[in-house]
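In the two complexes below, chain A is the common chain; its partner is chain B in one and chain C in the other.
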Partner chain A sequence: MSTIILIFIIFLGGAILTFLASALKGILKEVLFLASVFVPVVLFFTNISIGQTFSFQAAGFAFQWGITPLSYVFALIVAGLGLMAAIYAVSAMRNKENTGFFYFNYILTIMSMLGILFSRDLVSFFIFWEIMTWSSYLMVVYQGKDVQTVGIKYFIFSAVGAYAMLMAIVVVYSLTGSMMIDSLVQSFPGFSFDMQLLIPILLLIGFGVKSAMMPLHVWAPGAYSHAPMAYSSIFSGALSKMGIYGMVIVMVSLISHIPEGHWFREVIAWLGGITAVMGTLWAIKQDDAKKLLAYSSIGQLGYIIVGVGIGTPLAMMSGLFLAVMHALFKGTLFMVVGAIERQTGTSNLTEVTGLIRKMPWTFLASLFSIIALAGIPPLGGFIGKWMLYESLIVSDHYLLVIVIFFSSTAAFLYCYKFLFGFFLGQEETEWSHVKEAPAMMVVPMLILAVSTFVLGVFPGLILNPINEAMQTLGYANTQGHLWEMSVIFNEWGNQVAMQPIVYTIIGIFLFFLTFLTIKGYKETRYVTTKDISSSGEVPKEHENLTFSMNFMQPFFRAVEPLMRRQIDKYYNGFANGMEALFDFTRRIYTGNGQTYAMYVVIFVVLLLLLKTPFSDN
Partner chain B sequence: MVGSPVLLIAIPLLAAFVIPLIGMIWKELVRIIPGLVLAYMLILSATLLYYVSYNGTIVETIAGWQAPWGINLDFSPLTGFLATLMSALGFLVWLFSYRFKRNVDFEPAKKYFIFLMLLIAGAIGIVITGDIFNQFVFIEITGISAYALTAFYTGRNSAEASFKYLMMGAMASSFLLVAIAILYSQLGTLNMADIASKMHTMNPTYKIIALIFFITGIGIEAEIFPLNGWAPDAYTEAPGPVGAAFAGIVVKAGVYAIIRMIFTLFDVPGAYDFLIAIGLITLIVAETSALRQEKLKRMLAYSSIGQMGLVIVAFGIGTHEGVFAALFLMLNHAVIKPLLFFSGSSLVFNSKKKQIAEMNGLGKRMPLMAAFFSLGAFAIVGLPPFAGFWSKLSVLSAAANEGLLLIIVLILIVSVIEIVYYFRVVNRIFFQEYSKEQSVVPHRPRINAMVAMFVLAIAILIIGFYPDAVTGILHNAAKDLMNTDQYINNVLQLGQSLTR
Partner chain C sequence: MESIWYKILGAIITVIVAFIVGLTYMGLSRKITARIQNRKGPPFYQNFIDALKLASKTSAIHHGFMQHVGPAFMMITSIMSVLVVPILTGDQWFSNLNFKGDLIFLLYIMVFGPLGMALGAGQTGNPNSAIGVTRGLSQMVGFEIPWVMALVALMMQYKTTSIVDLINIQQEQGVWLMFSSPFAFIAAVLAMLGMFRYSPFDIVGAPTELASGPVSENGGKYLFTLMSSNSIFAFAKLTLYVDLFLGGASNIVELLIKTFAIYLIPMLYGTVSPRYRTEQAIKYFWGWPLFFGFLALLYAAIF
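What follows is the complex of A and B.
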């Protein structure tokens, strides 16, 4: 039996077994859960090689599964983050209700994401896409909060996206007579112009929903923040990347072949830019860390969309690199929030303060991720953003550079808010009992955080598979003139070498460490946070000295016009209008027998009068 | 061969008349006999279907009268498929409703099973008969037993719903009778194959009027908008398993009758476009009406109407793929909708008002029923990897092959609406809190009901994961429907060979 099918059988069987085992007490379900994530992932890394395929026929369609260099990059994200989040989830979900349900959906999500990446034909792509949608939907409503608003909104948007994609699929099938992605790519240049526009637009609606592209993003804040954090980690980290994966295929393999199609790229890139700005602005405004991260995910996905949209080699590379980085740091941050919520019972930034000494390892993980998110060297986010700026400038998108630069700078505000709100500030007695999260939660976070560092210093580790993927998509080899293992070159002959930066930073760090240790050792005096005086007044025990409410007021006064219009309101208005309309159609059925008899008579009379539908033979 | 197609009609009719007599011997036999009869019919029709798919259509003449004059039964891959489906569903409905209400005693049970047997006999008769007047008789049999089953609960509302149904049914039969009269006066024959072979000689005006009357008459049974006013009330007031039987058996027979008219009897090409148009209108009106329903069974009723609209659209596409997709939809609908009716009526069993709002938090109290309901909901909105996905995919690709992009868009928009109302219910069941005052008191269904639902759930999963289990049968059936000449030959040649 082929290993490919074996992977899916293990996933599926594991999901069902774990669900059944969850009725039992004890550790069995957790072992089964981890096994059914680990075993297929290990099989994937050991036994699957690029190019290996598995084909079969069902329901009159040909199915083909296999991995390509591009999907391998995304499979790295899914498998890596999926494993880490699985370990984290075991500890995070312990003692919760319905763990079997959680495990079941978790495994199905991982399976469907790998399935999407394996699919070489559109039918299985769609099948896995839909499994991913409903399993993630069940996780969004898992905690039973706002199910009829947030949950339904997520599913409506997903369904609209998926059905747009389905329409594109059947149209492609009717045009080419084949469901293979390759045959779509090959015959696309021969399509009529209408179809050349229709198919990418429909596909991009589908992918845009999942990657939270403006204006299809409105489901994301609620969905990301309502799912259990152990799941949000892969939800935002990996699941949204499936949209990016599809988008890469569409942008590179289809849109390049539209005559005069470069404006299409501009549109997508600008949508990405707007997404980045708006996501960032809204993220700053949030007081709930989950919401903050959810909006921040939207913003970060905006950068990725810009990169993929522009589509020059450097831009594409930056987009893919940022996709990997975003999976790492946003996955970690959601885990951090989950850990804090578990230990303190809330995820509100204005309530929890001063956890830095209580949860030092969690702090370390979030510090790394925040630095990566903000794009500060030497962590990974910097490389991605650097390449993104450079590619925008080189391809003359100056206005877009400003937009991206603005949102990237504004992102510092919420980064700071996150770190300050949770970890810094005054230690309050309310949180004095808080302890560090269990090791099974901390270790995955730290592993992910350290890998952002490693990839920041040696970006070549991940740029290498990205480069291979891009070569199969038709790009030239960029190794050597755009990047090396730890060096990024640019068009003007300069280069950004990561290792020297790292050495410098480590040097400065060590210098201050030794300096402070030697100089200040004897003068050190341990104080509490209240051991200060301001203007001669000594603060009392319960006086609050740090504030985390209403941060950045002046900033919001400046950007308020941007945020006044919320697209969400239009959608809600539309939905309400529809409901009212449907309430009207419901009244066609009056419940009155005479009316129904009248309908029959009218029907017959109308048909007899308008015989045209019948008489055109 | 275990028997001939005529037994599929004769045995349930006989059983219906024998049930009260046997009930005098031992009351339990009233419940047992229908099960045995339906099981036999299921085995018989499945064997015949297997035989037919290899050896060609069985045409059976009744009482030795040859085809153009006498009544003949036509058991082809298409009609055999539908007959098998109906007997299987009939058996499951029996299994579910065996002691459906614990307090149902001898008298109502007797009525219930008599009418159920008549209903199934009538529906199978509609499908396999080859004579148009005979078909009319079977439509009447089905209709009358359906009116009676609607009024089973003998309340004010049930009586009202049943009366509306009766009234509409009466209009339907008058239209049908007029149409048959027109055909007979013009062509001098009542045999469907004979009519089909002579249809080109008919005056176009009469032809179109006859067709319109046929569509109106049968459309009432097949729940075509705006002729389906009876349906929501009837589904709501009838017992849950009867709703399942309506959705799975009666409506299928009605749809079959319409497509037999349009595909085989009448050579009016414009009728296909009409099918698409009327199907789309039915689909849209029904699904949008379903969104704001407060009662569970009413919602399911509208959903059922909508699905039938989609089936009619698929038939209207008129190609082999279209017919295949339509038959696939019919099969899936016949598997999924009964599951929804069964599990739904178990969920709201102890409620007086049967409202959706009362279903909050039932997932924790009745996990199995809730899981069955959700499986049905997932399947019917067409989420992979469940059964409904494949039929939806085949409908869409059939439409795309004909370049009907607007239809695809409309179907997909309606599907989104469908998702919304089904998922609202699923959300209520699983993810909202149970409250003592508002939610329904949980009810534990009997083991036979569980088995019936379990069989349907397994069928959904099998079709979902391995669609090829059924596609062969469906392709045969679709081929059979498309081939009018063969139908005529099958029936008429047999008659000639017997005369010689």
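What follows is the complex of A and C.
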């Protein structure tokens, strides 16, 4: 039996078995759950080689599964993050209700994401896409809160995206008579101009919904924050990347081959830029850490869309690199919020303060991820941001680079808000009982956080598979010309060499750490956060000195005009209008037989009246 | 010349020079401000006395690990900037890390320290510190936009992102970029007002209002490290401006004259201006500086 089909059988069987085992108490279902994620992932890494395919016929369609260099990059994200989040989830979901249901959907999501990446034909692509949508929808409504608003919104947008994609698939089939992605790519340049525009737009609507592109992003803040955090970690980290994966195929394999492709790319890139700015601004405004991270995900996906949209070798490289980095740091940050929520019972930044001494390892993980998110060297986020800026500057995108710069500078505000809100500030007695999260939650976070550092010093580790993926997409080999193991170049030949920089940074840090610590840290005593300089008065224990409400108020006074318009309001207005329309139709379709009989009579009378007396018969 | 030890020696000398020059400039600014306000003012070497006093003090208390390492983070930014910015043109000894990082890298390493320092300030629990940090971050979003516009204009016009290349271009053409890209220079200088945090943009430290903001709760060695880091950072920023717009400097005297001339701009502007509120500061940078930034981009796009 082919390993490919074996992987999916194990996933599916594992999901069902875990669901059935949910009645059992104890460790069995956790072991089952971990095994059914672990075994296929290990099989994937050991037994699957690029180019290996598996074909079969069913229901009149030819199915083909196999992995390409491009999908391998994304499969790394799914498998790596999926594994870490699974370990985390076991500990995070312990003592919760309905864990069987959670595990079932979790495994199905991982399976469907790998399925999307394996699909070489549009039918199985669509089927796996729908499994992914359904399993993630069930996770959004898992906690049973706001099903009517958040759940429905996610569902409607997913449905719109799915129908758009289905329409595109049907059009493709009617034009080419084949469901293979390769045959679509080959015959696309020969299509008529209308079709050349219609198919990418329909597909991009489908992918844009999942990757939370403006103006299709409105479901994301609610959905990301309502799913259990163990799931949000892959929801934002990996599942949104499926949209990016589809977008890369559409942008590179389809759109570059049409004459107007250039303008198409510009529009997508600008949509990405606006997504980045608005996502960032709204993230700063949030007081709930989950919402903050959700909006931040939208913003970060905006950068990726910009990179993919511009499509020069450096830009595409930065887009894919940022996709990997975003999975790492955003996956970690959602886990951090989950850990804090588990230990304190809330994820509100205005309530929780001063956890740094109680949860030091969680703090360390979030510090690394935040530095990576902000794009500060020497962590991996910087590499992606640097390549994005350089690609925009080299390709003469004057204004877009300013827009991106604005949003990534503003991102520092919510980065600081996140760290300060949870870990720093006044230590209040209300949280003095808080303990560090269990090791099974902390270790995955730390592994992901440290990997952002490793990829920052040696970006070549992940740029190598990205380079291979880009070569199959038709780009030239960029190794040695745009990147080496730890050096990155732009197209003008300017470079950033990470190794000497990192060694210098570590050297300076150690020197001054020693300078500050010698004859210092041991002899000095720790004083509480109440023992501070406040004009000579010593604050009492009960005095509240916490600063967390309206945290970035002065900033918002300046940017208010930008945030007055919200696309969500228009959607809600549209929804209300539709509701009124349905209300009106309900008055016609009353469901009463007598009314329908009357309609028939009226119709016949009208026909008789309109019938011209001069007709032949 | 190739040995790593020569490199390290060169780097150490650079840092010491930057430290001395930066502290002297700060002392001079105190003196000049005093004379403008018709006071006598402290001697120009007063800051050295302060630094010496702080360095020799022993701290009795600390506020936890993040506060303890905050000043070290700040030092990383200052020293990295001074190592990446070319100090003297065409010099073999002090080339440091000039070829290892470019302008975008410099922009990002410049926020590393302040953010680390801000985390340290956050751990102290002093509300003034946190307020100062939020103000500083907001103001940074303000001035960073015209500043980046100026840099992007330069980078696009001369098709390079390396500072060394920009200096070489000025020497080949014989014209300073200050004259060949005037709008970028104006935008960059206006952005500099915010970068140096003199009045009216001293909203972060905000004497008499926030009790020195993020720096409060730091004393002794912590304050010494922060103070020397500030002076090194100031020197790095001034040298960057000289490199970008005034053609760099080939010897130390030329460098001192040019950097001091640039330094006078935010200082003198500060002595005659009262403090802005945060949103006023942001809106200031999104007014004329932004306009000149756009002009600079337009100029770069056309020529």
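One rule holds in what follows: the second predicted complex is superposed on the first by the 589 of 617 C-alpha atoms of A that agree within 3 Å, B and C clash if a C-alpha of one lies under 4 Å from a C-alpha of the other, contacts with A are read in each partner's own complex, and residues count from 1 in each chain.
Quick note on the criterion: contacts are C-beta pairs under 8 Å (C-beta built on N, C-alpha and C of every residue); 3 or more make two chains touch, one makes a residue touch a chain.
The model shown is predicted, which means the values in this text are computed figures rather than measured ones.
Residue contacts after overlaying the shared chain place A:F418 against neither chain B nor chain C.
By the touch criterion stated above, A:G144 is placed in contact with chain B alone, chain C being left untouched.
Counting the residues of chain A that each partner touches, chain B and chain C differ, and the larger count belongs to C.
In the superposition on chain A, contact of A:P554 is made with chain C only, not with chain B. Of the two partner chains placed by the overlay, only chain B lies in contact with A:G60; chain C stays clear of it.
Of the two partner chains, neither chain B nor chain C is touched by A:F11. Within the superposed three-chain model, A:F74 lies out of touch with both chain B and chain C [touch as defined at top]. Counting contacts as defined above, no chain A residue meets chain B in one complex and chain C in the other. Within the complex formed with chain A, the chain C residues making contact are 11, 58-66, 68-69, 71-73, 75-76, 79-80, 83, 97, 99-102, 104-105, 108-109, 111-112, 115, 118-119, 122-128, 130-131, 133-135, 137-138, 140-142, 144-145, 148-149, 152, 155-156, 159-162, 165, 211, 216-217, 221-222, 225, 277-279, 282-283, 286, 293, 297, 300-301.
Of all residues in chain A, those touching chain C in their complex are 354, 356-357, 367, 371, 374-377, 382, 385-386, 389-390, 393, 396, 398-399, 401-402, 405-406, 409-410, 412-413, 415-416, 419-420, 423-427, 490, 492, 494-497, 500-501, 504-505, 508-509, 512-513, 515-517, 519-521, 523-535, 545-547, 551-552, 554-555, 557-559.
Residue ranges on chain A touching chain B, taken from their complex, read 57-60, 123, 126-127, 130-131, 133-134, 137, 141-142, 144, 147-148, 151-152, 155-156, 159-160, 163-164, 166-167, 170-171, 173-174, 579, 581-583, 585-586, 588-589, 591, 593, 595-597, 599-600, 602-604, 607-608, 611-617.
Interface of chain B with chain A (complex): residues 163-164, 167-168, 171, 175, 204, 208-209, 211-213, 215-216, 219-220, 226-227, 229-230, 232-233, 267-271, 273-274, 277, 285, 288-289, 291-293, 378, 383-385, 389-390, 393-394, 396-397, 399-401, 403, 405, 408-409, 412, 415-417, 419-420, 423-424, 427-428, 430-433, 466-468, 471.
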